[in-house]
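First up is the structure itself, then whatever we jot down about it.
Chain naming follows the written order as A, B, C and D, and within any one chain the residues start at number 1.
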Amino acid sequence: MSTLAAYATSTGEAVQFWILGTVAVVGALCTVLMRRAVHSALCLAATMIVLAVFYLANGAYFLGVVQIVVYTGAIMMLFLFVVMLVGVTAADSLKETIKGQRWLAALCGLGFGVLLVAGIGNAALRNFNGLGAANTARGGNVEGLAALIFTRYVFAFEITGVLLITAAVGAMVLTHRERTERARTQRELAEQRVREGKHLPPLPAPGVYARHNAVDIAGLLPDGTPSELTVSRTLRERGQVRDVSREAMEDLKALEQRSEERLGRDRAEHDRDGQEATR
Amino acid sequence: MENLIALLVAAPLLGAVVLLLGGRRLDGTGHLLGTVLAAASFVVGAVLFADMLGKGAEERTLTSTLYSWIPVEGFQADVAFRLDQLSMTFVLLITGVGTLIHLYSIGYMEHDERRRRFFGYLNLFLAAMLLLVLADNYLLLYVGWEGVGLASYLLIGFWQHKPSAATAAKKAFLVNRVGDVGLSIAIMLMFTTFGTFAFGPVLSSVDGASEGTLTAIGLMLLLAACGKSAQVPLQSWLGDAMEGPTPVSALIHAATMVTAGVYLIVRSGAIFNAAPDAQLAVVIVGAVTLLFGAIVGCAKDDIKKALAGSTMSQIGYMVLAAGLGPIGYAFAIMHLVTHGFFKAGLFLGAGSVMHGMNDEVDMRRYGGLRRYMPVTFVTFGLGYLAIIGFPGLSGFWSKDKIIEAAFAYDDGVRGWIFGGVALLGAGITAFYMTRVMIMTFFGEKRWQPDAEGNPPHPHESPKSMTIPMIVLAFGSVFAGGFFAVGDRFVNWLAPVTEFEHPHPVISVPAITTATVVVLLAGAAVAWAMYGRRPVPVEAPRGSLLTRAARRDLYQDDVNHVVLVRGGEHLTRSLVYVDHTLVDGVVNGTAAGFGGLSGRLRRLQNGYARSYAVSMFGGAAILVAATLLMRAV
Amino acid sequence: MSFPILTATAVLPAVGAIATAAVPAARRTAAKWTALLFSLGTLVLAGVVLARFEPGGDRYQLTESHAWIADFGVRYELGVDGIGVVMVALTALLIPFVIAAGWNDADPLEAGSRRWRPTQGFFALILMVEAMVILSFEATDVFLFYILFEAMLIPMYFLIGGFGDRAHAGTEEHAAAQRSYAAVKFLLYNLVGGLIMLAAVIGLYVVAGSFSLSEIAAARASGELEMATTTERLLFLGFFFAFAVKAPLWPLHTWLPNAMGEATAPVAVLITAVVDKVGTFAMLRFCLQLFPEASQWATPVIVVLALVSIVYGALLAVGQRDIKRLVAYASVSHFGFIVLGIFVMTSQGQSGATLYMVNHGLSTAALMLVAGFLISRRGSRLIADYGGVQKVAPVLAGTFLIGGLATLSLPGLAPFVSEFLVLVGTFSVYPVAGIVATTGIVLAALYTLVLYQRTMTGPVKEELRAMPDLKARELAVVAPLIALLLFLGVFPKPVTEIVNPAVEHTMSDVQKQDPRPEVEAAK
Amino acid sequence: MNPVNYLYLAALLFTIGATGVLIRRNAIVVFMCIELMLNACNLALVAFSRMHGNLDGQIIAFFTMVVAAAEVVVGLAIIVSLFRSRHSASVDDASLMKL
């Protein structure tokens, strides 16, 4: 293990870097470019796992594991959870609405990247100490970190602990909605509906077709247009309602055409029969 | 005795303060108080005069320093008085005529609800005028100078509800201010030249100064005199000043204030004596005004304006005489005093006529008044004879001397020119005064009803008005003779003004004869034109010269076009420039910043991502800067 | 240590401001009386200062000195010379008149108006201004002066922007816009000036290492402190610019007509008679004393600017249609005279300029306050809306005329003395400038008399027939001012006695001698 | 191979993440991009730790993770409550930061 942490990289690490590095960059790009948030999240998770491997490769064993457990395991799951909450299948439009924003962003990104690369390239980073000594000084990477955290960085550590608790409480405060009044009973709701004078009877049922899962298909009004009321609001907002009104008409049209053809052929046969009969 | 000098000024000043601050409680008695205080001042003057007569000719000058007025490093102005023969003459004239006119005003202003204030202003005028002639330095003289200007402003505009009166008052003050600029600059020149502006030191150290400086001082003093004494080119205000009540015209715009310019020149005689160019300018101004006023006087139908033209012309004589140097100073002052008598008398007579004619001033609507106003007719007539220089009356003695002196100017061509002008002026004077006399008191009645349709009922004025007229008529008749016999007046003034006997280019009897002939000719022409034919009620169109003279020889029109219009355009364009250019630059800058901010505001579009871009760009710039700094 | 009387003159009005502001909102009259009493108390203190000041004594008297910001050498240093003590007295004298004249100006408007007018605030702000102006006349520490110079803008801004003239043309909204324009313009002009001055103040500290006026002046005089010519000139310009904005000198004057036009008449008096004087006073005290060579270097340009101010201000006054703006432009003209007097560097000029500051304060106060009374009666600032006032309100017209005559420097009234001294002082070194400035007296007569003629004489306008004459309170405001104008006109010695030694000091600062007369006159 | 390549990779990932923040409107994706940037920093820190042969870099990376966790918790909570009130997770909808 200690050799891995040394400043000289082995060929194996080089190969690993180039392969996984590519993966990480592609993952990052996909995070930015995917239209659906859930895909972005998955790509980001992939990048993070790659980074965890790099940590391990750099001798930061503890961090590598924490990266997987905390980041990939906890934080990314939190992301996915929120994505689900907000609407998992809604795709973002990537069309830019602020004039010039994309160009400026690209320009700044490119410029910044070039600057960073140039800076790193200019920096004299040739002599590495390697991590071997540091990692082994107290018996291992974890022990070494622990020694530092609980000595030199103990205040920072404690303060981050406080920060975490504050954040947890803050999140609760932000998302929790205090119920300030008694929940209304079914009777009261019914009475309210009567007072407001709309939808006295139950909402109309969704359209039911044998070939479809009916919940996401709007029931059709007599003129053939779909009724909004028949499908759940959540589905509507996610854009997951399927409109089958035209489909039904087309089905009918196809049916009619087919029967026409069938009937036409019958008539032709009939005529022929008739001619034959008169002949 | 010195302490009495301050009392001369203090008495009318007290009157002015009490009357102006006293409020309506004094409405009933105010005019009496004013008159009494004016008379008190005259009495003090008479006492001082008696005292002065008791002393030798060289010891007659009294000075009295009250207190240090403006003590500043290198600049000492005192409130100090000087009473010598010259000031004494003026004191007696001012307080004497002033008291008479106060008396006259009691009757004249009887029906005016603001009579108390009128007397307050009159007292203020007396105080300022006495300060003017009693001051021992030019700066204090300047105070009196502006003080009489203020009193004149207030009195011309006394009937302020008449826009024409208010305008005339403003015009008088403004034109006088132009003259005041001259006096200011003269004082400043004296200060820089002599380090002082007190009469004694300045006039006694004239020899040390260069002629150029003295000429400059002289010309500036002349400018001042032109303003105050209505000499060309600053004469335009005097005609309009007749908008004031007639006693004001008599006192201020005939007898006293307008002669202040002559006083100034005579007082500064030492300076003029050393600056012949300035003297020449004075003589020219006097001669031009003499003719100018006379010509204007010939054409005016308004009795007061005709008299105003005459005043201008007579002061022209005085200025002309004052410009002649030691041969003329005493005669200038002598004519000034006799003129004070007869011109005040003439104005009071005119006032009396107007009083009886529903305040009508147009002579074409008078006529035949001699039977209705006998006292006025006689006193006015005596004044008339005096002013045209009828032998034996006051005007003859004083004017004749001036004509002689003018012929004596410089022994050569100049003597002929200015002597001739003075002689011609005498002729024109006789013409226009005869015209006034005939149109007013002779011929047939041309009376017209006034604006309300009341026909005039001419009647003799009350005693309070006629008595001053009679007293002044006495002066008009006898004063000149009294002064001239034995050169009394000349000898009296000589210690102050110096005196040389004039040596005219032609003999004195010839001049006297010529004068008499010329004035008879003038009077005869006037008789031929106005006495033998009926005078039309509506003024005929007249010749080119008549029309020009009616319009004051177009001087007002020139002023209007050049100064008023030009000034209006100038101020209007300056207001525009101030608004658009001076202010515009600033407002433009402000608008520029506003516009820029408006543009920059669009960057703040509220989109967090936009802000993020700028942050990111900023970070990039920071990185770039760091790298650059490392690279350098 | 003796009683710090100079501090007291500034602390008392400041305390008064707090006390006035603390009076409950409903008791407006009590607040007014509080303000008036405090201002009168300050006047008494100023009288004590005047009495304890010895004209022939040290240059700076009644000095106080305490460390303030030790790290930068900033000290709380006070002291008055002859000029300062006169200005303190003038300020303390005028404020009671301003308060009395503005007695009803900050009352709530009639019902239905949405504008909020905190009466207490109005009087508290006036006292605040008084405190700062007085202290700035007393400050002998450049930094302390700078702070006050800037800080007095704050109450002035609110006085201009918050309490406009009730008489305005057009709608309330339009008037509010005009007012806020004027207030912002006032603030911006003065802030720009102050900013440049701040740079110069810092520069001075860098060069001299001290903020103390007396220390720097002494070091300069003894030659310990050498300033490079360019440095001195730049620093001078920095200071001068700020003072020229405040004074105001052409072409930096355009804020004044707006501010004076939109503010109430007492506040306009406060601006022109009190606050602006800080500018001219500071020219005398700081520009000439700290930068004598640079002052002489700049003199020709400044003299020309002052002349332009005189003539230009007067001409623009002639062209105005608004009474208050007319007075404002007349003030521009008068400030031209003051600056001229300061920079011609003769004894007469400087004495005249100092005297002019006092007299202009009195004469403008008289004219402007009467104009304010007139305007409040008719509800219009336009000259054309008046006519024949003399007939219905003779006392008002009379006081207005006297105020106008003082403005045109009629001999016998105080401004004549100062104006003539300035003219003589100018003429003795720059004859042409003297002559040009003298023409200003004709223009002054023109705008004053035109104003009087159009408003007071002629037939009475129909709307004015019922106009009341001056009330007792108003007469009590104007009468003492006129009495003072008359008194100082015939007997200015009490003031010149105090001012003369200070002027001699200044003359020796700039190392100038009065020109000798051409001829030694016989005595 | 030179371990500096890790730094290049970190720079690249950081830039991609930053660009993503600027381009995407969905608040959740923006958040993910921020996480990507943080991870890139961590990678760089770990690489530095290796280069310099001490563990401080890792400690800082560790703290970064903790803080990132706290930040995600709060951030996601904010997104959820925003979504509740606005029925949208787009950052452009919350453009009230102007007059």
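Methods note: a contact is a pair of C-beta atoms (placed from the backbone, for glycine too) under 8 Å apart; a residue touches a chain by one contact, two chains touch by 3 or more.
Everything quoted here is computed from the prediction, not taken from an experiment.
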Chains touching both subunit C and subunit D: B
Apart from subunit B, which chains still form joined groups through touching: A, D | C
Winner on C-beta contact pairs when A-B is weighed against B-C: B-C
Central chain (by mean CA position): C
Centre-of-Cα separation between subunit B and subunit A, whole angstrom: 104
Inter-chain centre distance, subunit B versus subunit C - centres from mean C-alpha coordinates, in Å: 37
Rounded Å distance, subunit B centre to subunit D centre (Cα mean): 96
Computed distance of Cα centres, subunit C from subunit A, in Å: 74
Overlap residues in subunit A, where contacts from two or more other chains coincide: 98, 101, 104-105, 108-109, 112, 116
Interface hub residues of subunit D, defined as touching at least two other chains: 18, 22, 25, 92
Sequence positions of subunit B contacting 2 or more other chains: 605, 607, 609, 613, 616
Touching chain combinations (by label order): A-B, A-D, B-C, B-D
Interfacial residue positions of subunit B with respect to subunit A in the complex: 605, 607, 609-610, 613, 616-617, 619-620, 623-624, 626-627, 630-631
In the complex, subunit A residues that touch subunit D: 5, 7, 9, 11, 13-14, 17, 21, 24-25, 28-29, 31-32, 37, 40-41, 44, 47-48, 51, 54-55, 58-60, 62-63, 66-67, 70-71, 74-75, 78-79, 82-83, 85-86, 92, 94, 96-98, 101-102, 104-106, 108-110, 112-113, 116-117, 120, 125, 128-135, 141, 144-145, 148-149, 153, 156-157, 160, 163-164, 166-168, 170-172, 174-175, 237
Residue ranges of subunit B in contact with subunit D within the complex: 601, 604-609, 611-613, 616
Residues of subunit D touching subunit A in the complex: 1-9, 11-20, 22-26, 28-29, 31-33, 35-36, 39, 42-43, 46-47, 49-56, 58-59, 61-63, 65-74, 76-81, 83, 87, 89, 92
Subunit C residues within the subunit B interface of the complex: 185, 188-189, 250-251, 253-254, 312, 315-316, 318-320, 346-348, 351-352, 388, 390-391, 398, 405, 410-412, 416-417, 420-421, 423-424, 427-428, 431, 434-435, 438-439, 441-442, 445-446, 449-450, 452-453, 456-460, 490-493, 496-497, 500, 503-504, 507, 514-523
